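Presented below is the structure to which this report refers.
Order of writing sets the labels: A, B, C and D. Residues in every chain begin at 1.
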């Protein structure tokens, strides 16, 4: 099978990782790296390389030896660049969040559908071994009904003038939730609390609460100010509970056969008998591989098979809807704010 | 110095720990254990022991060879038992929360003041080596201004019919906050979100948000449904950040000389320059000793010196005020709810 | 069933733990604590207690209301005290090592057999949940053939004038090996290397190598000088490998379904094909209970049933034989030194 | 400054890492990768690259546009390839161990000196942030006198037909010891114990004991059969003790202000008083950078400045001397075997 031809647009923080993975992929030939800053693009390409450096987006998109582009520019520029690329007939994978607002995001998704092109969002974590395993264990009923999900993602982060900690970090957690929940991320409401102790005009510490079906709840803690890095994700189920500690290299995922059983002995729920199980723990073996490598492979497969990719534009919009509702909740003292999503689940 | 004479009331979950510590204290002579269930009280006393077993509260309080009582009964009974003890002229230490409502609590505190008796709340964690060290590091300015505090206390817990997870577990976190914050726990408001996935009629998973002075925020996560135990407490300061992991026996407390610096370069706050420090970490040596032993020592010292104990009735009321406001916030979709505390800080 | 009557001899470091467990055991009534130092013994007994304090060993042994004694005195005194107790018709449990030399040890075991009395060695670790589980997993073939065992027990320890680190700490490791190996601890030889960097005249850092059956090897690292405590025990088997980390309170025991497979493809062993399995890990639930409580229960059961206890005098002698051979190896530059044990395995 | 021109010889396990670091180094231009297997070499070079692929060693060495070569072939081939490269006037960095025998190794070192060429050994760990910091803390006296060093390096490893676990893994530990000890690795003797439970004809589990100056001792545990990876290195000093846990990404290095103090109260050493300090722990910030990148930078600097590199041929020979003496000790039941090293310390 001949390779597809790709270009990476944006040679900043994430672009080099995309370029590296396109280069080493059996599915792709990386033709060019595009950035307004030629030196920065050249650094990504490296020496003794025949990958081209392009500084003009128009020039890049006008070429007909490029099938697809990967867009790794600031969120505020996504709408313009992705629209131009789709109009030039290129398949697109774009960094998260898909756009900086729902209207722009929906227009991009509609355009891609209209042109019959693949529009994918780089929800990288959805291509990691732990997340794939969590999705599998929920889907096959191993964990039982979801009772709660708690995600902590805290670390020293780059305080940014125009993006708060929710828009910077929470897309990771929200895209994971969207991917693992059987019906996708379609909470009815979201509550958000934020703090700005540095007084930079943006939340640097944030908490999201997402009521899920049947009384369950998801909670997300994102924080730029913590010197200690914590990435912990707990899924409490009626049968088993799962803990993903992304910083425990030798045992990322643990499934506990422990939990709370409720035996209804009468019509009165509150009088039900509660019992506790304290069983074994189990750490499934994970086949580690670089997530971005899996992602670019999925991008190629979706293009070739003419099917939506695993993390398509609609997934990107579901994440965006939560971020926008969180902004409203934040302005309303953290009260649960309804989300009116119209995004079908893949 | 002759010993003070004590009795423990309540031989359930916590009573045996109190009894053991009164028995081994150089300040105390444990005279009796009192419980309606004689066998249960006898079990606490043990064999080949001359500690008495008493089943009548009135009989116990009528004795004049007892200086003080420790009350370890359900919260709903505190008002009645503590009031009777104070009226009988006994000094009292009572389990947390001090009462199941603010009115009852305030009456108890007033009665003790009126009679000139010591009323202490057993905020046990305030007598542990890590909490004492945290208080010291905040007080002496080592951490700088508080920016955020995040407390996680999750574990398989006993789902109870009449007490939710906030009233069961959060008093620990709130009493610690009250103890370490220079001005005590006097937030202006509290937001609470809870989930009841087991449908027992009570929150089993709960989150509290407490705006503090100067844009800082405290957050508490309490959870009865987690099979994996986490007890982590992070204090982010403008100079240093501290992490207390109570389950890391060999390094409970770590102070990171890392953080975010803000250099204002213009009138525009958002354009301020942010820089990052990545310095050493430091784990202060802690002198471990059983917290309850320290607590009963403080109880004796407060009685002898006629001064308020470290965790006095007012501290108990400040915790109670937050719990009551949280109940209101929960009913209002998690919106920040004002707290009108009248409790002076010790 | 009526209780058996016990006395504890020696109120130093370990005696208080024994006393506490005899007191709380349903099988035992603790009658007395015996020590030359009356104040020390009285402190173990505590206040408001009717347990007696005795300062004369002869007087204690002469009483006929005592069925058994627990001896927690220095190793050099074991032979004299245990012999006196057996001659007085008392059953005995003695701290490890059973004696400070093989001749004395063998005489004690012979005397007990002669009198029909129970002689048990307090190999405490053999009564912990992890060790019981390890023994079970080896016995039922879950781990396959043993390939290597590596035990590390390092910590700041009390440098002692007359006992080196081997005699102080290694009895723990050796007694565990004796308990879990299907044939008991009967290595053909032992190699020992030691260091005395403080120049106290005794090894403070020590390493033991024990060739086991079929090319397997056990290794023990004991160290008094390490400020960081490590207690890790690895059992490598042909089917699975087990890691016991005694300081990981939430997951002490992990069984890895990983390892090395050897497929012989020809007569030439060295040309055999090696392959690697990388499967799941599994952490069996452990029923935690205080080991000393289980130990005093086994002591009572052995006496009542007239059978050898789980860690009998012969187990004590097998440990002693290794310690004595290690002393010879140390003097011979660490060369493997034969052990001629005559101890039958229980 | 113009770049130096390099080629990598050997495109197996380690070659790709060397190639990647030469490519991204500001000091080097990677001209070619050489391997008998053209496809393997081409895979290292990658697509859209102008780095050349060469299959003939003679052809490679005959080129005059190459200043230096990095040799990443099996140890048995080092002598032949390195000698040819030096005779062709190329500077050489060679993988560890420098050779498979002392005679060959010494000839290589002599030849390089004779020709005025740089001969460096790729002791990669000596270029990592933790090892550089350990060396610094020993050199500046922070740890005091060395009392013991214990290194554990266990993991599932590739059982090899012609190299045992000592020759495969111990060069890492020995090169680290050589680098951090003020006088280099010049023990007077070595003891070795090994086990071959798979009966492949080679030790798969190995232990080395190295008496150091003043009663100190170093010990190394290398193991191919452990499914759990442990890389722990403890340096016990008279002032402080250091623990390097290479798998604790957030706190690799910890320095404990704890230890054992010896106060001599009389001429009798054994009667000296021992006391214990239990102070703070301290985790120095480490500037992380890829060790191989630092190594290729040092290689360039040594060539340009005409000085010996940090890990020169003599360091390689000191490691080799220990490996050869260990082989003798293994054959003598583990007895300490003298080492007659003639290698001066840099």
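Assume contacts are C-beta pairs under 8 Å (C-beta built on N, C-alpha and C of every residue); 3 or more make two chains touch, one makes a residue touch a chain.
Quantities reported herein were computed from a predicted structural model and do not represent experimental measurements.
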Given the two chain pairs B-D and C-D, which is bridged by the higher number of C-beta pairs in contact? C-D
If you take the mean of the Cα atoms for each chain, which one ends up farthest from chain B? D
Whole-Å gap separating chain B and chain D, where each centre is the average of the chain's CA atoms: 53
Centroid from C-alpha atoms only, then distance chain C to chain D, rounded to Å. What do you get? 39
Which positions in chain A touch two or more other chains at once? 228, 254, 258, 278
Which residues, counting only chain B, touch chain A once they are in their complex? 145-148, 150, 152, 154, 156, 158-159, 161, 189, 191, 193-202, 204-205, 207, 209, 211, 214-217, 219, 221, 223-228, 230, 232, 234, 236, 238, 241, 243, 254, 256, 258-260, 262, 269-272, 274, 276, 278, 332-336
Footprint of chain B on chain C - complex, ascending: 23-24, 29-30, 46-51, 228-229, 247, 249-250
Inside the complex, what are the residues of chain D that reach chain B? 251, 254, 257-258, 278-285
